[in-house]
Amino acid sequence: MEYIKQAIHLFLSGDKELLQIVRTTLTMSVFSTVISSVIGLPIGVALGRAEFKGKGIILRITNTLMGLPPVAAGLIVFMLFRSVGPLGSFRIMFSVRIMVVAQVLLITPVIMGLAASASNVKAKSLTETAKGIGIRPTGQIYLLMRECAPQFVGIMLVGFGRSIAEVGAVSLVGGNIQFKTRVMTTAILLETNKGNFDTAIALTMLLLLISLVVNTLAYPYWRK
Amino acid sequence: MEYIKQAIHLFLSGDKELLQIVRTTLTMSVFSTVISSVIGLPIGVALGRAEFKGKGIILRITNTLMGLPPVAAGLIVFMLFRSVGPLGSFRIMFSVRIMVVAQVLLITPVIMGLAASASNVKAKSLTETAKGIGIRPTGQIYLLMRECAPQFVGIMLVGFGRSIAEVGAVSLVGGNIQFKTRVMTTAILLETNKGNFDTAIALTMLLLLISLVVNTLAYPYWRK
Amino acid sequence: MIKISGLEKRFSHDFVLKIDELNVAKGDRVAVIGPNGSGKSTLLRILSGAIKQDCGHFSISDGAAPGYLPQSPYCFAGSVEFNVRMGLDSETDIEKLLRDCMLYDLRKKKSSKLSGGEKQRMCFARMLAGKYACLMLDEPFSCTDIETSQMLEKVLDDYCRENDVTLLFSTHLPSQAFALSTKVLILNNGEIAEYSNTSSVSRPDSEFGRKFIDQWRIC
Amino acid sequence: MIKISGLEKRFSHDFVLKIDELNVAKGDRVAVIGPNGSGKSTLLRILSGAIKQDCGHFSISDGAAPGYLPQSPYCFAGSVEFNVRMGLDSETDIEKLLRDCMLYDLRKKKSSKLSGGEKQRMCFARMLAGKYACLMLDEPFSCTDIETSQMLEKVLDDYCRENDVTLLFSTHLPSQAFALSTKVLILNNGEIAEYSNTSSVSRPDSEFGRKFIDQWRIC
Amino acid sequence: QGKTETESKSGVDSGEQAVEPKKEAIRLATTTSVNDSGLLGYLLPYFKEDTGYDVEVASAGTGIAIGYAKSGDADVLLVHSKAQEEDFIAEGFSSTERLSFMYNFFVICGPSDDPADIAEAENAAEAFRKIAAAGSAFVSRGDNSGTHDKEKNIWESAGTTPDKTAEWYVSVGSGMGDTLNKANELKAYVITDKATYLSMKQSLPNIQILKADADDMKNTYSLLGVNPDAAAFEGTGAAINSDGANAFIEWMHSGEAVDLISDYGISAYGEQLFYVIEK
């Protein structure tokens, strides 16, 4: 309670740095969630309904990648995008963009795996029916996605939660640069390391409040 | 490829420290996944089927807690269990046990939320039918859990993935103490911090291999 | 005995179930008939407690919750026998029941692999595995073949006789309605068009009732 | 025209569908009948491509994939109209179709809120929204009331006439089988017990065929 | 105390805009301990005011910080790890000599009852010997950072190699702040730079400075400019802001910077924390 009050106070104080941190956090989480969903949901659904050899392997790999440690994801992205790396010419080290890239790498498997699992329940019956009225596979995937839409909101919220909570990857590729790439989690980590536990917890509460607002906004679509 | 070879080599070298790290990692992830599932699955299912006021709020809070930053979870557990903390008398700081506690705090909401979402699809029809043959609510929850069992395996794998990949919480409460509470992710973080990127990536590959083995073992139950 | 008074259920202004009064005596077997969307399922669902009415009330004197078989019942994952056992009252002779419902050979089969009619048979057997003083069956034999239907009707008849059951069931088949029932309740657009003894139903009071029964006769 | 030869489908040793030879001429309307579990759905599913046979083959000369309505069709989330439009061929007059199938008043209603018979009607309309040279309908009218069934039979009859459709449908109701079909295919335990013109079906060759038709007659 | 520094910087920050062509920001990679001490947050607004350069400080473990520089993603490096700096220079990554431009002191902290009695020790090496002999809990950074390097050096001069599997030797593989938290929790001895300890003092009730100001406890910081012509950068997209890096190094040695650095900490902690090495 005490901490929540402090969190709100912190936010309302209108500290410029804090505002930047919150903005960067939201930009990063929203973009990475949306991009991961755009990639992961259709592929996941396609995986959930299809019956082909190798499906099992793909699903197992997807699931395995859910267990990719954030630090490792950060490291991989760092190795690729650092100036001397193969993709160094993009010149996006220490930017919000590269943080999004790392997050997408982390979140897409989660979204894919969950989408595959969610669509799997309805896939068989829907496919049989849709095929029977002459709907092509792409149309079937579209219809299946439509059926799963409420669950997709839930899945996207899982992705968002993971994205907003993540620290290992974004601190490595983002550099936790003040006024630029510092986000709430890296700030929390920083304050924790400094021993400012109270500030860290107040920041956490603020983060959770933001997350709660996002979840509340999404709720009607989730449980429609 | 190169890295995978290196990872296997690393593992087979039988380095005592590495073996301890792998063992601790598995102990921690398996325990925290199982405990979180035992707590989260039934509650999630109960939430998924029930219609009561306040359900929306609980679900939103659950979802919000999915976005609890690991560092923050670690910090909360740290504040509770540190020697001057309210639960300091347990004296479990910097042990595998407290790492499990922190992980359970992190993973349970994820498992709960996903279980609620998964069970929701079948809940209505099943409840109507089961009630019609005189099955009581606890029995209905049991039946619903049975129906969702294959999806539960998937959900537990998500929890496991999150657990094995997590670093922020376990390093804070576990202390990343060499030969004692060091796990693969904290080791990866350490090697990264040391600038030994190659070792870090080899360790990551090893982690992913372990994760792949677990996923492969679980696969038949997942897609039954 | 079931007493209903002033019962109303409204679905977003396009449908209203409205039953001012209805009494079903103990041991009565009521065939609930009427066109699609006339409210048969809605009535059975309300009486079984699956959904709540908007206003009015009803009472089922036996106290115990009635047994209820939805129109599209859920088949639990697992074998036929597992499903049937879920409905089990400790006294029921499960083997006899499986044989009576021609499920004995199928008892080890997974419920998800049954044909439409086999599934319906399984759900019916699961229902009768319990002991109820009052049963609500929503189109229990819509997918079973004629011979099976007749056998299951016989099983149901025995069950009702043994346990002195008050039965409500819905159907679209005249033969079933007449064979099983002692009373016929015709619903039209959520309201009662006719409620009379099966033997005297050939002369319904309302125009709709007359038309509906006429249709059945020529069929 | 449909030609089947040596078709076999085996489900884990307890059931085998085995059709050595079967030819359906263009424009024929075949009522596929037989007890529960005799393989009606399995046959229609194979012919529509929903599942694959284990061996043997069949050909549908029109080339185009047949239209197929499963026994428990999926209702897409969304309105009745959305559902029907999903099956739409650009030339179909959707309003007329909705009116013909008595769905016009329900067109804005969510499919999940329909009664059992209304759902079935919607799925039927969705089927006829497309143009097919060959149709496979698996118990399309099992839950519709008698008047609705008759109207839908009429709609189907018109559709088949207009498009010169080869029709296969399964049913448990003699009245439907006889009213709609030109041929009757009786399945028993996965094998053909009888395949003859509807007009001459009263004298089936096999004993099973005779028993089955006799049963129907008394009903 | 960090707050006022932050505010002063944001004040400067908003004051700029639309003045002449914007100078490309300088990318400074440094270790967490430097960043956590708050020195940079205090200095940079003045630097910006003088030169117009923005400085982006990426702080991470020593290894990553040097990794950033070797990857062409930093223009200048501020670290305190002699061995690793020498490697960096040997590999041709540095545009400058190893410029040891300032120092502060390491201190050994420990529980107030001082079970190993190190307060009486003559220097750090002796203190370490006593800790090992008493088997008192000791927390090591264990992350190959500058501080860890220093710790290893001291063990060497103490003539003992601690058994890393021993119960008392706790290697936590973590940053300075985190390591101090753990030492506090374990009521253990720990070696730390003074600035970080002082900045965290309030949250470390269980430990205090027991040994300071011995001559083997100097902590020397170096500034290294990244060499734009390093062999590793050839044919890659690495673009080093040498102008900025040189301007930064030059400014850090200017009289103004020297005064600022010498003043740092006096208001907050009542003592000087960093000492500039006059060239």
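Each chain gets a letter, A, B, C, D and E, in the order it is written, and its residues are counted from 1.
The criterion applied here is as follows: a contact is a pair of C-beta atoms (placed from the backbone, for glycine too) under 8 Å apart; a residue touches a chain by one contact, two chains touch by 3 or more.
If you're wondering where the values come from, they're calculated on a predicted model, not measured in any experiment.
Any chain bridging chain A and chain D, meaning touching each of them, is missing here; the list is empty. Shared numbers divided by all numbers used gives the overlap of an interface; between chain C and chain D this overlap exceeds half, so the copies present the same residues.
Look at the CA centroids: the one farthest from the centroid of chain C belongs to E. One simple way to say how far apart two chains are is to compare their mean CA positions; for chain A and chain B this gives 17 Å. Distance between chain centres (mean CA atoms), chain C to chain D: 27 Å.
Centroids of chain A and chain C (each the mean of its C-alpha atoms) stand 49 Å apart.
Averaged C-alpha coordinates put the centre of chain C at 80 Å from the centre of chain E. Across the assembly, chain B contributes 122, 172, 189, 192, 197 as residues in contact with two or more other chains.
For chain E, the set of residues that touch two or more other chains comprises 60, 64, 175, 178. Residue positions of chain C touching 2 or more other chains, listed in rising order: 72. Under the touch rule stated earlier, the contacting chain pairs are A-B, A-D, A-E, B-C, B-E, C-D. By the touch rule above, chain A contacts chain E in their complex via residues 16-17, 78, 82-85, 88-89, 91, 93-94, 171-172, 175-180, 190, 192-197.
By the touch criterion given at the top, residues 11, 14, 34-37, 41, 71-72, 105, 109, 113-118, 121, 139, 142-149, 172-175, 215-216, 219 of chain D touch chain C in their complex.
Within the complex, the chain E residues that touch chain B are 60-64, 66-67, 84, 142-145, 164-165, 170-175, 178, 182, 185-187, 205-206.
Residues 2, 6, 10, 13-14, 27, 32, 36, 41, 56-60, 64, 68, 70-73, 175-178, 180-181, 199-200, 202-204, 232-233, 236-239 of chain E are the ones that touch chain A when the two sit in their complex. By the touch rule above, chain B contacts chain C in their complex via residues 122, 125-126, 128-135, 143, 146-147, 149.
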